[in-house]
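Letters are used for the chains, namely A, B, C and D, taken in the order the chains are written, and counting of residues starts over at 1 for each.
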Amino acid sequence: MTMTARIQPAIVGASGYSGFEVTKLLLRHGQVKAPLLLAREDADHGKPFAEFYPQLNGNGTHSLEPFSWELLRARGVDVLFLATPHEVSREWAPEAAQRGIRVIDLSGAWRLREEQHRAVYGFRDQNDGFGARAVYGLPELHRPRIADAEVVANPGCYATSCILGLAPLVMNEVLELEHGVVCDAKSGVSGAGKQPTARTHFVEVAENFSAYSVFNHRHTGEIVEQLHLQDSQLTFTPHLLPIARGILSTIYVRLRAPMSEAEVLALFRDFYAESIFVRVFTPPRLPEVHYSTHTNYCDIGFALAPDRRRLIVVSCLDNLLKGASGQAVQNMNLMFGFAEQEALA
Amino acid sequence: MTMTARIQPAIVGASGYSGFEVTKLLLRHGQVKAPLLLAREDADHGKPFAEFYPQLNGNGTHSLEPFSWELLRARGVDVLFLATPHEVSREWAPEAAQRGIRVIDLSGAWRLREEQHRAVYGFRDQNDGFGARAVYGLPELHRPRIADAEVVANPGCYATSCILGLAPLVMNEVLELEHGVVCDAKSGVSGAGKQPTARTHFVEVAENFSAYSVFNHRHTGEIVEQLHLQDSQLTFTPHLLPIARGILSTIYVRLRAPMSEAEVLALFRDFYAESIFVRVFTPPRLPEVHYSTHTNYCDIGFALAPDRRRLIVVSCLDNLLKGASGQAVQNMNLMFGFAEQEALA
Amino acid sequence: MTMTARIQPAIVGASGYSGFEVTKLLLRHGQVKAPLLLAREDADHGKPFAEFYPQLNGNGTHSLEPFSWELLRARGVDVLFLATPHEVSREWAPEAAQRGIRVIDLSGAWRLREEQHRAVYGFRDQNDGFGARAVYGLPELHRPRIADAEVVANPGCYATSCILGLAPLVMNEVLELEHGVVCDAKSGVSGAGKQPTARTHFVEVAENFSAYSVFNHRHTGEIVEQLHLQDSQLTFTPHLLPIARGILSTIYVRLRAPMSEAEVLALFRDFYAESIFVRVFTPPRLPEVHYSTHTNYCDIGFALAPDRRRLIVVSCLDNLLKGASGQAVQNMNLMFGFAEQEALA
Amino acid sequence: MTMTARIQPAIVGASGYSGFEVTKLLLRHGQVKAPLLLAREDADHGKPFAEFYPQLNGNGTHSLEPFSWELLRARGVDVLFLATPHEVSREWAPEAAQRGIRVIDLSGAWRLREEQHRAVYGFRDQNDGFGARAVYGLPELHRPRIADAEVVANPGCYATSCILGLAPLVMNEVLELEHGVVCDAKSGVSGAGKQPTARTHFVEVAENFSAYSVFNHRHTGEIVEQLHLQDSQLTFTPHLLPIARGILSTIYVRLRAPMSEAEVLALFRDFYAESIFVRVFTPPRLPEVHYSTHTNYCDIGFALAPDRRRLIVVSCLDNLLKGASGQAVQNMNLMFGFAEQEALA
């Protein structure tokens, strides 16, 4: 291990779920200084961070400081994590880039290329020129480009799960895509964020289960774009699970020609041979939410029908780690030449 | 069964948890007309009730109507259930009484007699004269007075659980009260109401457990007053359980003189001989939350220490039924001469 | 209401989850005598039923009696509910029929017609002649035949959910069946029965979610047979939800020709016009598990893709009621000419 | 950091919950070799450990090996973790000691000194002479003796929580002990172990809550002995929470003389000044289960009544970490001179 100077990270939105996870990961990262924690809300300025997250008691005395570009410069911030609403990221990422600060944006602001997909966020501005400079931060697909990126658009949690479950099949052209792809995805409640709503009230969620945003979810565009599908080829249905964290996606595809179990397994294993955070399961074992919770792994398993054409892929991850903050730190590791698994394993 | 004309109930606040439970009970009550559902919020007027509670689909087409005294008169309302904030109940209950409409108030507005207890609600008005006309609606203690009441102050959920667990012991003067009484009470989240807050967010509640309002909970005064205790004799600690509904109170007392298990059991059995909604368990079986959920029962069990002086009482009920709406309907049954268990068993 | 003599039901397996639910429903049924509760295990004989289910305390003093055909005859049993393993039902149903006792069997013993589907139960006997006398007890499809049935094979919980979500589409021949049907189904844990296993341990289930029996679940044959599909046309994937009760099935189909939302809605509404226990939701509202829990309803909703060819049906029910015991009592009501909703609404 | 030779640990019972946690901690411990995983059951021999715990996939290929003393010697085992039934620990700990292998026993075999407390385990043997050589492994009370111990009796989860909440008060003699101490303790289900039982079935636990083993729990003796109480001075009531992991104990005591909040706080802070795994909360903030889950902390907070005599202490920990496996590794760190927090923070 060569000795490098530690870099200075900053986080905006550390009091939210994904910002908090980034914070915890950075606090145990050997190559970074203690992260600068920034708040957009005046009311939160100066508050000890342990007031938001008492579980950090005794891990140092971090306070939230008011966000300002001057402060970032004064502290020599090298990388800025934006755990902010997409409208804010839309505004701040270009400004950070202009000031020479690399950005890892956890919102949906810079993930989408095509107009019809970006429409779901209702962006009014047109700084598409800048958009082209953002790299979609899925290391398993874009490792080299992430290393050089000014701005990384950290992928959506559902999107990460579905793309990783499908990429080896799509890229190897073994799917009958015209038949369509069904992603029946289920997520824990932390994916909905920390803001209390009728939908996240314990009494509404516990002992319940429901589909939502059917034919209408923002992550659909990410899956379509990253896999080069046509919109009509993907049916993506999110559901709300009565658990705090974890995503399991059950993915239904049809193979162009019959394959054996061993062939499918080899295809996945080869594709992810260099990807330490994807674990491919040998049939008949399938991933379960528990296995990847509190880790940065995406677990992938599959089952093949007796007709050897119908294939079901099960893809699991922790929506707050591989689906958000763990992946963000994984991206940072790539951007700054650290070991990919630093702070993550 | 004598044939009586059906009475007309009305409910303000039917879209909240306890209002909804009152509504469901009244819809299956053989002696009342379909309840008039009233909303205080303009936004809710005219909305089909099944929009708030789709589980009522197909059980009739009830809509929320704007509250007005004229409407109550026009529809000939006999009894008004107030599932409203205590400030609203404080204002409306006297007005209803003046208009000859009997009131069952589910808020804390009229439960407390003594100034130091009423202080926790911060009432600014002084209409204490009216307060004296409200009867504390715990049928097991005040059945005859409830039958004649103009206004029934429906008890708090925690208070019902603790008072019923203690009353036989206190009334029979077997407790060493100067030793103090500890009520360690645990409640499901529906007790906190339907309004989403940081405290009721699924991610904060699931896999969590916590004490709150220690030495400072509003229901303390009810227990003290109903059992004629001194404030310093009661230690009441509420906790938040990661369940939707149900309360279990573990109550610690010391007997003046050693008693046998059989004597304690007889004491409870005798006290509740006429109370169909209290079930006394034979040791060593103790109540569990499951047993009384979705019923109007308060289940009571106990364990006696080898020294026959230390006694633990376990009292369980469904906070939305015996702890709120079921008890409200039980009170209505008493007020209008119906069978006490009508719609409740 | 015409006055009819009450019939005498008996239940074997009342201490299991579905047997207990049948018991509770029969206890509040106006047309039947108190059910005879029978145990196969010697150890359980004579035990008060409230010892298994303390929540029944105070609802009478029922005891489990040892099963014998003599006892059934002595008590004049009219209908026998079998909440027993399928091997037992396989043996006892023919014997009951021979003795003139009508049977409602909650196991999988008599549901399947075709050899390749029955194989999953591994039946060794060959009394197929008798099998032809059993009627598949899904009232929405077979109401008249159930009324006359000697033996009703009460459907599986998953199967009920999927068949009811698909039947209007299949029977009206609007589906492109050669494209295949995907049923992604999720069930609460009570569907796995009361026997404790590694799979039902709280620590393994809470905060977890998993697929199981992929391409290999016993209920697949029921769906295929009832809808007259070919085996290769159905992909059915069960998942285990961290909830006690409830099933939600997300069903993916392709229409032969584009349809409007109104046309699809009309098709469902017409099909279930006479079926009081199916509630069809108007888009965009979709059923959620909460809405049908503790009821005998099957709730059905749908969403249509912009291309008007891809259709998603969401079908929800309580696996212990419409998915088991409620449907069993609904079948009994049809068999004995009672109102279909008696004890169920 | 001085370079020391790594020690060789072995674990019997690694497939259970606490054994698994010890395994995970040792796998990330910088001073120990990969632990030897031993199984008592023939059926488990040779099985890859990831078959029991697929979440370990990719973290190496550990297999369970059959337990034998020869194997321990051949591998040069320095410390043996026993996550075994107490009967087994009772037999094996003396044998290990005789062979010069230090033991950390997670069972209740060696925790108790007094005959009336040891009776609850029903030990038939009388090797009390050996018992005197076992040190009660609560570092906050016995750090120096643990460092030298041959055999460490790792404390019970409930006991750790209650003793740490009470020790500063008892040791400083500020309590009116004759008034009695009430520990109302609530635990997650993993405390009951991995064996599936009727009590741990998801359907019985979810949405439920119950007291158990009232006046009769095995951990009572540990609390009494460690705090030098008389049996009649402690009332300890365990309850089962519908969560996987975590304990919260609400402890009720009376002070000999009135104290201020600041005095109580100082007393706790001083007592635990050197104990990095106890976090004392400043009032009014109280610990919640979430704060210590997945950590080795015991969090302690308190609330003082207006009379400044009644004191409530809330003590929280993760029953699998500070309540079992984390504490076991903390003990190992002390025994072998490693940093106390190694692998734990």
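One rule holds for everything that comes next: contacts are C-beta pairs under 8 Å (C-beta built on N, C-alpha and C of every residue); 3 or more make two chains touch, one makes a residue touch a chain.
Just so you know, these numbers come straight off a predicted model, no measurement behind them.
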>> Between C-D and A-C, which chain pair is linked by the larger number of C-beta contacts?
In response: A-C
>> From the C-alpha centres, identify the chain that is farthest from chain C.
In response: D
> Whole-Å distance, chain A centre to chain C centre, using C-alpha means?
Replying inline: 40
> So, what's the distance in Å between the C-alpha centres of chain C and chain B?
Replying inline: 37
> How far is the middle of chain C from the middle of chain D, if each middle is the mean of its Cα atoms, in Å?
Replying inline: 46
> Among the residues of chain B, which are close enough to touch at least two other chains?
Replying inline: 206-207, 242-245, 287-288, 290
>> Quick check: in the complex, which residue numbers of chain A touch chain C?
In response: 179-180, 182, 184, 186, 188, 204, 206-212, 214-215, 232, 235, 237, 239, 241-246, 248, 250, 252, 254, 286-290, 293, 303-307, 310, 312, 314
> Contact residues on chain D for chain C in the complex?
Replying inline: 17, 189-190, 194, 196-198, 200-203, 205-207, 242-245
> Can you list the residues on chain D that touch chain A in the complex?
Replying inline: 54-55, 57-58, 206-207, 276, 279, 281, 285, 287-288, 290-295, 297, 299
